[in-house]
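As structure tokens, here come the structures.
Okay, so subunit A shows up in both of these, paired with subunit B first and subunit C after.
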Partner chain A sequence: MEKKKLLLAEDDQLLASLLTFRLQKGGYEVQHSADGKQVKEYLSQNTPDIIVSDIMMPYFSGMELIAYVRKELKSQVPIIIISSAGNEENVLNAFELGANDFISKPVSPSELLVRVARELNKT
Partner chain B sequence: MRTKNLLDQRLLSGTYPDNLSITIDLNPILEECMGEMDLLQELVSLYHENALEFIGAARIHLPNSDFKELGLAAHKIKAGLAMMRTDSLHAIVVLVQKECDGDQDSKHLQFLCDCFTEEYPPVKASIDAALANLKQG
Partner chain C sequence: MQLPNLTYGIHTLITAPQIDTDLLWWLSTFFVVLALLYFISVFFFRNKISSNSARIKQRKTELAPMVSEFLFYENDADKTEKSNYIGLKIAIRDLLREDFNRKILTQILLDLRRDVSGDTQKRLFKLYQDLGLESDAFKKMETWRWEVIAKGILELTLMQVEEAYPFIVTFINDKRSTIRKQAEIATISLKAGGICYFLDTTNYKISEWQQLKLLDVLRNKEDFEPPRFKAWLTSTNIHVVLFALRLIKYYNQNDANASLIELVKHRDRQVRQQAIECIKEFHIVQALPTLKGVFPKCTVDTKLAILGAIAELGDTSDIEFLETVSQREGNFSVKSKAVGAINTIAPESILPTENIEHITVYQAREGPERVIPEELQVIEDSEPKTTNDQTSNNDPLVTPTPMANPKKSDKPLKDIEVEVEEVDAASFKDTCTPEVCHFDISEIHFLPIVVADETGAISQIKLTDDGNETPHKDSLDIEFRYNEICSDPFDGELQALITEINELDFLPVVIDDGMLTDTESTDVLNAAASESLENIEGYSLSDFEVSFEEKSNAEDCEENEKVVFDLEDAPIIDVKSPKVEDVMSWLMADNELREIEMKHEIVPYPSEAEISNKLIPEPVYYDEHEAYMMGLLDDLEELGDLREIPLLEELRAEESKSFIKERITGMIEKFAREQVTKRNASSNTDNETANLPVFSVFADLFKSIDTECKLILLDEIVPVGDEKEIEFLDGLLDNPDQSIRNKAQTVLKLLIAKLSHENPEAIYRKGVYDIVAEQGVSDIVVEKVLHDMNSEEESFDHLLSELEVSPAIAPEIFEIDFELCEVLDKNYDQKILDIQVIAIEVSSNDNGGPFFNSLRKFTKLFF
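And now, the complex of A and B:
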């Protein structure tokens, strides 16, 4: 069975390393992008099955990413955002822009795996 | 130890969280790594790189009053500090980001960054000791 492609947009290398490892173990093909430039470059040539993105990233925030995917690419690919605690306003804005789900930091890799699978099952 | 004393005073006065600790237990992280010691070691290395990067960022951005960049540097390291359960450093960085987003008081930021610089070496020693213990089984 072909692996589902997951784009992980996260500028924290520490968190990204752990999440990439666990997501790969969970059977996903993971592309990690550390900033908005890499994200845009990847999306211009690839179509992931799901995107997991931090809200705060250099060059291109998670909000801009959601807007770019929904409005410019006109894609309905599921987007899960990673948000710091106490960032509720951003989370609400992200949902308004078209995010499908959110997970708070510190991120539990097991919880993220469940949420990713849930979103993919909806599609 | 001036800044450490000031931090202690703030703790006693309730200005800072009182659950700061530098006892490090890497077992929960090793579980998240599914027992892969190499990955845990990589995470510990990244943690140390991030901490040093933050100390460097503070030295560059504070004298320039570049609060936006300092706030971003604080944000970038925050999740890793929480992930490794290094509460003392995490609490300091949360306050740095809050100050950068809010009052932008240079003196307070300098104090917090000094606290981070002083607090990091014992935390590093604790992490390295915890890692060595785990490796020995």
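And now, the complex of A and C:
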């Protein structure tokens, strides 16, 4: 069975590593991008099944990523947003732009795995 | 003056000193080298830091997957995973031998601890301890550097190493604030009971920020069961009390009401305010008296908090306090808060007053487009509303002519006469509609118009038929006449009205059996009466004299016959037994007005013009002399007394104006009356003085002295006392002290003996013989004294007559009484005291008293 492609956009290397490890262990093919440029570059060449992105990233924020995916790529790929707690305004904006789900930090890798699976099952 | 010679030439100034070029080269070289060293060092350290960072990053990248492997390792993994896990464990143990790797691994775990939650976080804590990284933190706590200790405590706290708790709590009272604060957080965070230990042991101030951090730790602590924080309200550390109050409020622990009320009186402002916040939060109404009590001594902030609490907890009984605060408080914020609190308790009880224009409230009236003031509407509402159709149609009894402007009239409006016409409703019963016959208590609100003259007696009440008027000297220029219609007897509401009518027991309303209610529309009378009353604003109806006009039946209404009640001399109309169901009859019965005598008198009904003319009181003007005299008389009346009577008589003799003479006469009579009154009062006072009970000065002195002084005082009674002291001495015979009792008995005997000699009548009048008899003092003593005295005088006279010698003409020395004196200020045997003796005393009589008294006192002083 072909693994689902997952794009993880997270600038924190440790967390990214941890999440990557957990998601890979969960059966996903994880592509990690540390900043917005890499994300854009990857998306221009690949089409992931799901995107897990932090809001705060260098060069290209999570909000811009959503807008880019929805408006420029006109893709309906599921997008899960990871953000610090209390950043409510960004979360609401993310949902308005087309984000599918939201997870606040600190992140529970197990929870993320479940949410990713749910979003993929919807599609 | 000679100018000083210049010492230096110009050339010496412009001559540059010689500089050693070698030195310059050395200096240049030195600074170049220094710059090079600086740049080299910057380059070196920058590269070192960056390489170190890259190394750390590299190592983190290497170790992070290992950490992830450890974190997400499952026991049910396959063999490959297990073998990888074991190999990874061996590898990581090798890595941990280096401090750098330990440091990196610790950093990884600490960073991940912030980013992950749930089960992963717990595994992270476990991994931290499994790898033995907490030993590094313990080592940090043993150093002397405060920042390292704080880091160690923080590390152990973040990784939830509960074993570190006993070590960390030792830093709670550390003098270094950073360590102390970190230890406080760790104590609360590591154990559930840490908050109790911290509150019990901390001696230092807990800053607001620290309190917030501690509260945040408690709030995020899983499965935390908050203790009852009221236990720390008694702490000696104010900051602990304050923190406990905040925790009580946060956790809604409303079981410390008494303590909270007590803390309102706390000296610390913050504690007071926090206690008030808790009281407000928990709605502790019992705290209101305390809040009011401490209010005056509080600062503005606390006052505002108290007022806020009162607004939340108080009721209408607290409005008085709030009003007092709003009136007396100088601070604007407090005043505003008090007013706001009043309005919170009783909404809109205080309306805006600032910058409000005063506008008379007008109320539109029905019918013609006319606007009348609200005050006048009230008067109209109080008028009777029943009237007779016939009378209103033909000749309305209430004259609709408006009253002349009262400002133009000096005549008092109490001279207005009001006539009320009572109509027997029986004859109109059939035509009476329920609405018209309904009896409303408001319809008889006009009844206080019955006036009494100055002496208090009802002067006159006229019962008239319409069209007639009885002129009276004191009567009034204005007559209001009401056709009072008896309502349908005893409708359903009558019983309820009886209580209200009871209050009108002064009413001289007279009615007989035949009085019945008319079905006359009330509107006509109301309109007419209101128009008449419009111009008497500012006067109460009690200023009007009333005449009741009675109509016995419908036929009588047509007659212009007036029935007058003359009550001046209290001849009261004899009314037949009233029907029980008749309200007015009941009123009469209740007011004992059955004896009213009715005088029927034809009173001509005045025309509108006459009434309107009479409405205008005639002005009274004084000329210069009259004004002077009236002013003088005013002053004399106010300040004068009996002594002014001659002057007044003189003025009266010279005065030609009759009204001034009358006033002077009145004043003379008044002053004379006052004099008589004063005399009577003074005579009464004298009688009262004479009847006052006998008072002994010794009795008063006796209350506040010891036994020895009492005995001395008793000795003094004999020479200076009189019959007033007998009762006092008699009372002392029951004294519990034996010595006083004996002394009193002795003194009483001597005093009686003395008084018997001086004034036997006084002794008899005072009933002393009875006392003496009761106390065993024989009458023989007194009688013997009297007998001896008489016998001595007789024998002396007899001797003079035998010798035919006449005594010298009033030789002063021979009139001195020589008597033996017993000194009582010595202690005698009781037997001696009990011996009946003839009273012996140096008498201070008119002739020789002063001299021998002085002599006796001198000897007393000497001994």
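The working rule: the second predicted complex is superposed on the first by the 123 of 123 C-alpha atoms of A that agree within 3 Å, B and C clash if a C-alpha of one lies under 4 Å from a C-alpha of the other, contacts with A are read in each partner's own complex, and residues count from 1 in each chain.
Please note the rule applied: a residue touches a chain if its C-beta (ideal position, glycine included) is under 8 Å from a C-beta of that chain, and two chains touch if they have at least 3 such contacts.
Being a predicted model, the structure only gives us computed values, none of them experimental.
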First (subunit B), second (subunit C), both or neither touched by A:Val107: both
Subunit B versus subunit C as contact partner of A:Gln76, first or second or both or neither: neither
First (subunit B), second (subunit C), both or neither touched by A:Asn46: neither
First, second, both or neither for A:Thr123, with subunit B first and subunit C second: neither
Touching partner for A:Leu18 - first (subunit B), second (subunit C), both, neither: both
First (subunit B), second (subunit C), both or neither touched by A:Pro58: first
Overlap of subunit C and subunit B interfaces on subunit A (superposed complexes): 12-15, 17-18, 21-22, 25, 105-110
Partner subunit A, residues of subunit C touching it in the complex: 57, 60-61, 64-65, 67-69, 71-72, 108, 111-112, 114-121
Touching residues (chain side subunit A, partner subunit C) in the complex: 12-15, 17-18, 21-22, 25, 105-111
Subunit A-touching residues of subunit B, taken from the complex the two chains share: 32-34, 36, 39, 42-43, 46-47, 49-50, 72, 75-80, 82-83
Complex contact set, residues of subunit A against subunit B: 11-15, 17-18, 21-22, 25, 56, 58, 84, 105-110
